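The structure appears right after this line, and notes come after that.
Lettered A, B, C and D in written order, each chain numbered from 1.
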Amino acid sequence: MLKKINYQSFGLVGFYLVIVIIFSALSPVFRTAGNFSNLLIGFSHIGILAVGQTFPILLGGIDLSVGAILGLVGMTTFDLMLIFGLPGYIAIPIGLVVGLLAGLINGLLIVRLKLNPFIVSLATMASFRGLVYAISGRQLFPGLTVMAIKDPTYLAIDGSLGHVPYALIYLIIIALITYFILHNTKLGMDLYAVGGNENAARLAGVNVNRVKIAAYLISGLCSAIAALILTSRMTTSPEGLGIGFELSAIAAAVIGGVNMQGGSGSTLGPVLGAFLIGTIYTGMNLLGVTQYAQPVVAGIILIGAVGYDQFMKERRRKELQAQLLLQSLRMKGQGG
Amino acid sequence: MDEKVKRESAGFNRREFLKISALGVGAAALAACAPATPADVAPAEGGAQSSKQAKDSYKMTFVQVQPHTVSVAWGQGIEEVSNVQTNIEYKQVDGQGDPATQINLMDTAISEGVDIIFCQPADSVALGPSIKKARAAGIPVITLNIDAPEAHAAHVEMNHYFGAIDIAKAMGELMGGKGNVVILNAPPGIIIRDMRTNGFVDGMKKHHPDIKIIADQSAEWDRKKAQDVLSTILASGKEVNGVYGVNDSMALGAVDVAKTKDLIGKMVIFGNDGEKAALESIEADELSGTQYTDVWQQGRLAAALAIGLATGGISATSFTNQGHILMPYVIATKDNVGSIQAFQRW
Amino acid sequence: MKKNILLQARDVSKRYYAVQALSEANIEIYSGEVHALIGSNGAGKSTLIKILTGAVVPDTGEVLLNGKQIPHGDTKAALDAGIACIYQESNLVPTLSVMDNILLGRQPTLRMGVLDRKAQRAIVVDLLKKHDLNLDPDAAVQSLSTVQQKEVEIAKALSLNAKVVLMDEPTAWLSQVEVEKLFRSIRKLTDEGAGVLYISHVLDEIFTIADRVTVIRDGKVLLSTAISDTTKSALVQTMLGRQLSSEVNALQQEQAEKHLGFVALECRQMSRAGLFQDVNLKVHRGEIVCITGLIGAKRTELVRTLFGAELPDSGEVLIDDKPAHIRRPLDAIRYGMGLIPEDRRRDGLLMNLSINHNLVMAYLPLVTRLGLLAPDLFKRMGQFQMDRLGIVPPHLEIPARNLSGGNQQKVLIGRWLAGKTGIIILDEPTVGVDVGAKADIYKLLRDLADYGTAILIVSSDMEEVMTVADRILVMARGGLVASFQKGRVTQEQILNAASGEMVQ
Amino acid sequence: MTTLLSKFRDKSGRIATQRFFKDYGLIVVMLMVIAGITSIERNFLSLENMIGILYQVAIIGVMAACMTFVIITGGIDLSVGPVMAISGLLAVFTLESTGMSLVSAVCVGLLAGAIIGTINGFAIGRFKLPPFVVTLGMMSIIRGTALLIGDATVHLISGPESFLFIGTGQLFGIPFPILIFATVATLIYFIQTRTPFGLTVFAIGENQEAARLAGLPVLKTKTLVYTLSGVGASIAGIILASQVHTASAVYGNGSELDSIAAVVVGGTSLAGGSGSVHRSVLGALLIGIINNGLSILNVSIELQLVAKGIIIVLALALDRYLQSEK
């Protein structure tokens, strides 16, 4: 299994370390503990979304609605606490449930109507965002636009242990759990099976539909968690919250070695992918790269990262082939 | 060079302009930041001189919502003032329209230990915690356009709510107090949008109760989308006598439609912001009017304040509440648009 | 052990649109028996299998296991009832390991769906040992060769320890040695009282392994008898409804030492690290050369390199005695070469495109005017090839995937006949092709050779090699080890040469 | 309808209807949507509004048509939004620098798109990098470059009339952008059906290795499809600039998703191998009709998005149902 990790994202790990070292060398601020904890806080929500996104992509699908789900969950909890005055420990579970429901809707539409995941999640992305606007407490009661969430339980979500932010801890836990699910549970095997060869999975008696729905449920749940973290950090939930996150999440996943054709990938790469993007931007910011030059450099590095990863994989594949050959030769030898 | 001369004369013409402009608040605001004014008109007299006494350099960061005409103009205003002081390092960073990103940028600026943060919050509450954090770190924060509930150094605002009310008033008068109005709006999510819409609706109720708002559709701040939405509404055969674009781009989109359907003159179209293009369109008798604010000036004021705070070594923690500087604005129409000088057109 | 009926299909019929795929077919599979099912492609074998596994719902009739009816169209139920199947097309998940593929959907779990890796490994390892399959349980399937992948499929079916195992052409792509291995496994199964339904085009195999045979044609069961009560030619006749042996024999007899044309294709000192070294070979115009040998002798790699699909480390290729610079397939084609790859499903046909498209694909310039496709030329060329090769069904616009194996192969050959191809390389040309179509293809190749085409065939099928080749080259472990003239060699000699030091 | 059906009479009845709906199901669905909206707002069907819809669809339509090949080869192009912006900018700058030479302005604009597209294609074809990441990276590179050369402000177009004609002019009473859209779509449909290139595109999408072994120019084709997509974005960008009399580096945000949506709604699968330009056009139209319908019905901002999502899902579900009809 360890071999698998390396195979997935060794190239990326190396690349990431190089980037970090370069920035640390060039910018004294970058190498401060404070800055790193900023990085970890600032991009953990993208990391969580990316982990969630991994599951639909593993099935050769995609979930464009994560940003909208994030907004919806945020707004729900916001309303629950500020309109209905419910305590956080009630709002939080409800928020998670909303995320799961949203995921369920995606899953059911894809499975039952046999529609293309891209279209379905694109449509639900619009619908969920519309719902956010419709239920927005900030629209219904303009006073709430300047009202902050005060609930202690809720605000505690985004706390930190010294320099270690909770957000990071959630991310690590989620990444590890999902990693375990993927590589050590039946669900995980079924996910890879359906993603790799759906027909074979079906003939082997795997309940394909259930697996698909599960994937979108997980993605929905991750969005919900990210929503809780962000809204707790912002002490409110703007209607626009989460717009454009889907692209960052997918990007992080793909950079993290999840194959968009489905069937291969894991959940540690995506986390790294999320931080890679964040690190690049923060680093350039600290180096005083002008704001418009930043996306240019970022884009180049992005392509570079994937190119490098590709290169490493290619080399690894060649090595494997060579080994395979030797084996088969030995086999033939023994055969006689 | 002559650019500079113009700018210098700015100081003079501005005063006249302020007389025209309705709000005394603005004058008060200017007075409030008097100490900074020399630096403000510094371009003419060598800024280098004035910044001699400063020992080390000062860092200033502007966290904007996203690249946009207005924030660009702010930037120009700020740099105009800060550039003349060799010891000021100014940079503008892009919040990519996302409060979460803005929070990250704030955090970075704080750990970078800048001396001043200009912040245009995408959402007043969302950025509150970061502003609090900055204050705790002793960094004065100057908010632009959108105030934050947390105490910070100062808030420099181009008015939204009252401005929109006045727009409604002026618009109604041109419409003769009756008819149907369409609002070309933006989707919820940025507070400005809410302030302006509410102001406009309230204004109409207050001043012209007979005018009906028959449609409030989203054109996503975008000129092309504004064209599409308005032409669709017109195609439905409804009679539209007035259009309010929540920003100038959308208003200009409406103008484009009016031109093609030759409704210019028959349809009252108002924008908001007062960018150069809008003012020219007014002079060309296309756009009926817009709310104009000198955004360059707004930037200069903010910068002047900032320099005062930084060089004066005033600690952020010493502010119990932010001072409000409400920028003066005019409802620019055919009659008064001429009084807005070239150097005030951003 | 008394033989009792395990699996039984009673009067099952199935109709696809216009086509009656099966009509009132009956078949019984007894415990401890291997029941061979033969018939031309498109005769309805696959449909019958799919019905038995519940993948297809029959229009009429029923399927009984031990006298109990199994619900139609429910693969899971059939699986649980103990009906395993090795399908023709791959049913493996490329990214998963051998271990996971073998137990796919049935991995042992502790609680809450957590996998019991230890148990899983134990099961797989001793399964592989029991059937002496030489596979690394942890290797990802995509890193395995075609043969090894087939072995995984077999292991998968065996692991079900099913009451009935259906095998749809399991020996496709298997070499002699592996086939024997497979037969041993099958015997083990039957000894344990399981029943096996065995589909194959290779009659020899059937006479070796089967106890009972059923012949099916045009969806009807024509004959079902004990193997001992029938003969090869009888079977072929019922299967095709015509006498074939004459045609094949004709090919085999033809001995005339006709003088050869110039060397059309020659390669000198061709090497690729770790694959093959210093290969020299010549193919003359009008000559059919077969390269045979064990699987893993790197014959496929050799021909792919000749065709420019992969690049050699050293060595040169000469065409008509002139050095040719081949960097990619397009170059090879410009030199008048054509390759028909080993796995026509994976590398050959464009399955969703029409027959017509597939036929002209390699020579698009020939069907264009001023750089634009000319529909009339396009159709005419397709029609011409279709008639010439007798492809059925004769509809140019149906997608290639709906064709039988034999006809798909014909389309691939036709693709090269379309142009000025003078050198045709075929890799395992008749795998999964029924006896009738096989004969057609052999005749076609011979005709081409007589017209001066140089033909290079890679084949593991001894009978095929003996039948079509003018010259037989034997490749072993990346080198050409022997060369025989037609008719001057026995299968044994070839096999010995192929298995290298195994004989010493 | 029956006349159309008769086209497929060569096969048995059921196949005929199936194939009919496979090709025309989307139109049937579209007619239903139109009928639905019209039943509430009669003016929806007015000629003025119909032309309006086409005018509104033109930009996305052009992009979708040009991107179809990319998606048929199993790729994706996310960089089209910024390409729109930068083409518009460059065109405007050229206008100013060359003293209002329309031709050079348009050429420069298109060239930009072509170059960017080609770079995408080469990176994807030659180095086998995942299209998603390459074009995503390019998206951010081009957006940044556009901002560097044009800042975030809007640049007014002071003329010439000929340039403004591109976006706002009319020919025989039909807005010019519609004509451009029609021309581009027809041209690409022609390429798809009548050229070896078009055939190769499908072959690659279906099975790249097989295409290579059949001697098809894989790398060249793969590069060209992205070039085409880039050019499409440029055309769109120039039309937009001309329609709004301005150019800005921030234009075209999110249009990549809109155009991909149009292609996919049309039924072209992101997995590649299948699809058609005419279906992409239909997809763009369907989305355009829904947008237009919702605002002509004056649906409130909040509910518009909800409705849009639901209608799209229903429409496609219906389309799917028609295709797989028993």
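Note that in this section a residue touches a chain if its C-beta (ideal position, glycine included) is under 8 Å from a C-beta of that chain, and two chains touch if they have at least 3 such contacts.
Predicted model only: the values in this text are computed from it and were never measured.
Asks: Quick check for the class: compute each chain's Cα centroid; which one is farthest from the centroid of subunit C?
Replies: If we average the C-alpha coordinates per chain, B ends up farthest from subunit C.
Asks: Find the two chains joined by the most C-beta pairs in contact, please.
Replies: A-D
Asks: From the C-alpha centre of subunit A to that of subunit D, how far is it in Å?
Replies: Centres of subunit A and subunit D (C-alpha means) sit 29 Å apart.
Asks: Suppose each chain is reduced to the average of its Cα coordinates; what separation in Å results between subunit A and subunit C?
Replies: 44
Asks: Rounded to the nearest whole Å, what is the centre-to-centre distance of subunit B and subunit D, using the mean of the C-alpha atoms as each centre?
Replies: 36
Asks: Which residue numbers or ranges of subunit D touch two or more of the other chains?
Replies: 147, 151, 301-302, 304
Asks: Would you pick out the residues of subunit A that each touch at least 2 other chains?
Replies: Expected reply: 133, 136, 139, 291-292, 294.
Asks: Scan subunit B for residues touching two or more other chains and write them down.
Replies: 67, 187-188
Asks: Touching pairs of chains, which are they?
Replies: Every pair of chains in contact is listed here: A-B, A-C, A-D, B-D, C-D.
Asks: Under the stated contact criterion, what part of subunit A meets subunit D in this complex?
Replies: Where subunit A meets subunit D, its residues are 60, 64, 109, 113-116, 118-120, 122-131, 133-134, 136, 139, 247, 250-251, 254-255, 260-261, 291-300, 302-303, 306-307, 310.
Asks: In their shared complex, at which residues does subunit D touch subunit B?
Replies: Residues of subunit D touching subunit B: 41, 43-44, 46, 48-49, 52, 55-56, 59, 147, 151-154, 156, 168, 240, 243-246, 249-250, 291-292, 295-296, 298, 300-302, 304.
Asks: Of all residues in subunit A, which touch subunit B in the complex?
Replies: 29, 32, 34-35, 38, 41-43, 45, 133, 136, 138-139, 142, 145-148, 230, 233-236, 238-241, 243-244, 278, 282, 285-286, 288, 290-292, 294
Asks: Using the touch definition up top, name the residues of subunit C that touch subunit D in the complex.
Replies: Residue positions touching the partner: 17-18, 307, 309, 328-330, 332-333, 339, 341, 346-353, 357, 361-362, 364-365, 368, 371-373, 415.
Asks: Within their complex, state which residues of subunit B touch subunit A.
Replies: Per the stated touch rule, the residues are 67, 89, 91-94, 96-100, 103-105, 107-108, 111-113, 122-129, 149, 187-191, 194, 198.
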